[in-house]
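The structure follows.
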Amino acid sequence: MDLNEIKEIPKNYFKETLRSFFKLEKLKRISHFSGVHFNDAEKELAKKIENYKKVEKEAIKTWKIVELSRNENRPHTPDYISNIFEDFIELSGDRQTAEDKSITAGLGKINGATVAVIGHNKGKDIKERVEFNFGMSMPQGYRKSQRVMQLAGRFGFPIITFIDTPGAYAALEAEDSGQASAIAKSLLTMFELEVPVIVVLIGEGGSGGALALAIGNYVMMLENSTYSVISPEGCAAILWNDPSGSKLAARALKLTSRSLLHMGVIDRIIFEPLGGAQTDPVRMVRILKRYIVLALDKFKNTDGKQLKEQRAQKFETMGFLAESSQDLFSDK
Amino acid sequence: MDLNEIKEIPKNYFKETLRSFFKLEKLKRISHFSGVHFNDAEKELAKKIENYKKVEKEAIKTWKIVELSRNENRPHTPDYISNIFEDFIELSGDRQTAEDKSITAGLGKINGATVAVIGHNKGKDIKERVEFNFGMSMPQGYRKSQRVMQLAGRFGFPIITFIDTPGAYAALEAEDSGQASAIAKSLLTMFELEVPVIVVLIGEGGSGGALALAIGNYVMMLENSTYSVISPEGCAAILWNDPSGSKLAARALKLTSRSLLHMGVIDRIIFEPLGGAQTDPVRMVRILKRYIVLALDKFKNTDGKQLKEQRAQKFETMGFLAESSQDLFSDK
Amino acid sequence: MDKKQPEKIKCKNCNKEIDPDEFLINFNICPNCGYHGYVGAMKRIQITSDEGSFNEMAQDLNSVDFLNFYDLKSYSSRLTEARLKSGLNEAIVVGDARINGFRTSLGVMDFSFMGGSMGSVVGEKIKILADYSIANKLPLIIFCASGGARMQEGIISLMQMAKTVSCINRLRENKIPYICLITNPTTGGVSASFATVADIIISEPGTLFCFAGPRVVEQTIKKAVPPDFGSAERNLRNGQVDMIVERKDIKDILARLLKLFKN
Amino acid sequence: MDKKQPEKIKCKNCNKEIDPDEFLINFNICPNCGYHGYVGAMKRIQITSDEGSFNEMAQDLNSVDFLNFYDLKSYSSRLTEARLKSGLNEAIVVGDARINGFRTSLGVMDFSFMGGSMGSVVGEKIKILADYSIANKLPLIIFCASGGARMQEGIISLMQMAKTVSCINRLRENKIPYICLITNPTTGGVSASFATVADIIISEPGTLFCFAGPRVVEQTIKKAVPPDFGSAERNLRNGQVDMIVERKDIKDILARLLKLFKN
């Protein structure tokens, strides 16, 4: 794992760095004029500054990926759907109270086989973005996708999901319609499925709203997509008030495809054209199609029960912890 | 079957009867004074009047049952629940958008065995009646009951339902929340169940709203309860404008326990104390408890698949029709 | 020639005069406003299935007046009238058909037969069709058009809701796809039974599709319902239907869906 | 005697002074307004399970700072502090217990351990508890109290939502009953995972139970949320919970439910 040496970041990170820098300069000046040397203090401060700079550099690098993952010109779910699947037919509605357009769901063919395709849809222009609520789903959206997943499950169609959402919609009406329950049920439904589920993170993978569609037998992630328990902005709001906080939080959250592969949360990184998927969407779609076909091939001969078990196994082994028999409170 | 001879009822039934009566009197007078006899005409009219009177008598008799079935002092679902089942615990909510109090659902014990109990609840006083929408359910009510049925199905608990509703709620908000779909799914859910389902019609069995909870392996009906595809009032509004229309419609619809047993729609009539269940609710409850225990005993050793099949068989054979190989349009 | 021209007809929606020939050729769709007019079962079969591919089943089943139901007329006379008026012997026609080559079980309701109401024969024909689907592993397609249950069969008409849903349940267990087409109007007992438990629900534009009709609802809530009450468009927004498809495109979308389900 | 009297405390709801002894004896419920105050995992176990019946499991699992997550403090130091503050080694305590004689698997979250946030250890302990339930055919009971996912474990904390739901799915397949108790507050990743897929969901009165907290929602919708936002009472009305039960009655209702499930 990519560890870093700094463990504690002061509240006002940049000011602190600057202060350290000035302190170091001052020490240097004093030793220059007085002949008294503060080697240890100097070294410590220099190291601190170096680390701060390293962190800053990493944060900026990560932030670029965050920005790329949100780039409006990136191919979105509809672009992948229309270019990867043949004969796609969109299905609508939760059969209960609403059609939520922030999630697109339907049936299509890939390599001659029928699959269900479900993905967040942020919308391609302002009008659509407002109509699709910027890809933030209501409980009804997750209920529609559950309906389509269950339909696919019944007919033995593999399921492909595209993840691209800032998160589930956080609004009063969403709460009153059971947002928590809808997400949890979506997870449950995905664990019940006896068909292959291939998940692709194509842009923003925001929290529970992303996870709700992301219980896959195989989880792939575009190089510049992100996947996180909380948005960097949300995290920074909790941790710091510094405007640079979001960048630092992005780095701390380890939300990039490389970190996620490292942690075993995803199975594959799909590399994007130089500069990001938006520079050559046609090629991006073509590449992704190949990987989806490969992923589907992997599970061609796996039977339903095994698929379900593999999915359970995969997610139930996620976690890092230590076992210690020492009594933490022996002195109490 | 209880057939009657009159096939066509004129639009204004009672006026017509009166007219026939006067016509007969006139004929009688003419023959008396003139010596000319109109025996055939007289006989025909007399027969017509007799039939009208018979129909009227039947209609009034049926209407009394309709009134009894709606009697506010009859024991209702909560009375049966609290006196038949031990350790009852009510469960609430559809886990989606609402708790609909027009349906009561929960778990309880009868004769030592755990069962799920679900029934329409009209409310015991004005306050409750308004709160429970007079037993007319929203889609959310049917979704709650489906949730509890599925829970019972999973744990192997038999299900007992009490039917007592004027019908599903016919309102804009109900339509917008998928009333049709909720009722249909409720039927589907009940056909999927692999536990015994005992249905008791205890009062008003109004249309799709009643049927939604009434797919039983064994269907019982209190003597003075009704079960109909449409309310007599609704039927009369379509057929006649005469104020007596509802009574005639009630008779025409054959909505009484006797007619329904005759047609094979129910399996057993449970006789009520003289004058109706409301005259001795305590005894009524005691009697019903016995029959529920007997009904449960019937299916004690039947396995899940068989229970499901018996239910399908039972309802799929309902219908009266004729097969004829003659071409109805041979002259066209 | 004194052969009469067919009378001009008026569109029920935009009220404009329509050339009857054009109306007929155009699948009974108003060429002016796109209003989807009534189309009978036989015409629907013709425009939906491949030419000559439809083989009707169970056409000898007839309703009987087992309740001696009196009305302004007796049920028996209503049945005779409906038969003469519609040229059908019941409110649904079922059979084996091909749609762009895909073999299916096809059921088509006809509103002109007693308002497409569901009685014993409609229920039994749907059962026969579903059983046929299961036995031959054929996708099931039903076009709905119904005012609801057939009052004249009393409780037995209500039981057809249960009967048809039970058939669909067995269809589901057998993993047979079922596509339901909602045409104008579909209400009451049909919408609350086999229509809404379909895998895919497609509505024609402008179709009234609801449980309780607008007048019943207005009586309950004591105020006017919105103009789009029960409309296909409102139902799409409320999540009740998968899509709205114009009549001319229905055969095509069915063929595409059948292709998807024929995995 | 100069032994100090315990300081008077104020109710968080009605702001009145409460006698600390009375508060303690009364399960941390305000004797004045009935407000259900915070109660820690150990006290909860004591008041819910039969005396001496609780046998803790998996108490040796500890969180590790695998992301080297920096915050105002490091995750490691936060963990140390939380351990000292709460007297627990993680935000959930799990074990085997009896409730009025009924043997169960019992998990109790503690909000005082880093806001009851769910990280790897919470997920793993729930897995161990669920596996124990399945192996011993014991009903599962979990008391929730959580601010959501544990940010300091990044994506891995999100994955605990999936992990715990998968465990509950296996529990369901094995037909083991699962009752969830919602205590104040239960939000975020916990409410959107194992909490809401329970067979029975019981809430304490006045409990905040929602996905997004009130402040987050206010930021999204740019206006104030109603005062009962996320309250147990609102959740009951909205169909999210089966019942609201006062703390003093929870043991009894659990025993009654366990009796029903022990068929």
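For clarity, chains are labelled A, B, C and D in written order, and residue numbers in each chain start from 1.
We adopt the following convention: a residue touches a chain if its C-beta (ideal position, glycine included) is under 8 Å from a C-beta of that chain, and two chains touch if they have at least 3 such contacts.
This is a predicted model, so every value here is computed, not measured.
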item: Fewest hops from chain C to chain D - one hop per pair of touching chains; value: 2
item: A-D or B-D, whichever has more C-beta pairs in contact; value: A-D
item: Rounded Å distance between chain B and chain C, as computed from the means of their C-alpha atoms; value: 27
item: Where chain A and chain B are represented by their mean Cα positions, the distance between them in whole Å; value: 55
item: Between chain D and chain B, distance of the C-alpha-averaged centres to the nearest whole Å; value: 46
item: Overlap residues in chain C, where contacts from two or more other chains coincide; value: 172, 196, 238-240
item: Contacts with two or more other chains, residues of chain A listed in rising order; value: 95-97, 176-178, 181, 185
item: Category of the chain touch graph - line, ring, star, complete, other; value: other
item: Chains that touch, pairwise; value: A-B, A-C, A-D, B-C, B-D
item: Chain C residues within the chain A interface of the complex; value: 172, 175, 177, 196, 199-200, 236-243, 253, 256-257, 259-261, 263
item: Touching residues on chain A, where the partner in the complex is chain D; value: 1, 3-4, 6-11, 168-172, 174-181, 183-185, 187-188, 191-192, 207-208, 211, 214-215, 227-230, 234-235, 238-240, 252-255, 259-260, 263, 265, 311-312, 315-316, 318-325, 328-329, 332
item: For the chain A and chain C complex, residues of the former touching the latter; value: 87, 89-100, 107-109, 113-114, 140, 144, 151, 154-157
item: For the chain B and chain A complex, residues of the former touching the latter; value: 95-97, 139, 143, 176-178, 181-182, 185
item: Touching residues (chain side chain C, partner chain B) in the complex; value: 60-64, 66-74, 76-77, 83, 87, 89, 119-121, 123-124, 127, 149, 151, 153-163, 165-170, 172, 188-189, 191-197, 209-212, 216-217, 219-221, 225-226, 229-230, 234, 238-240
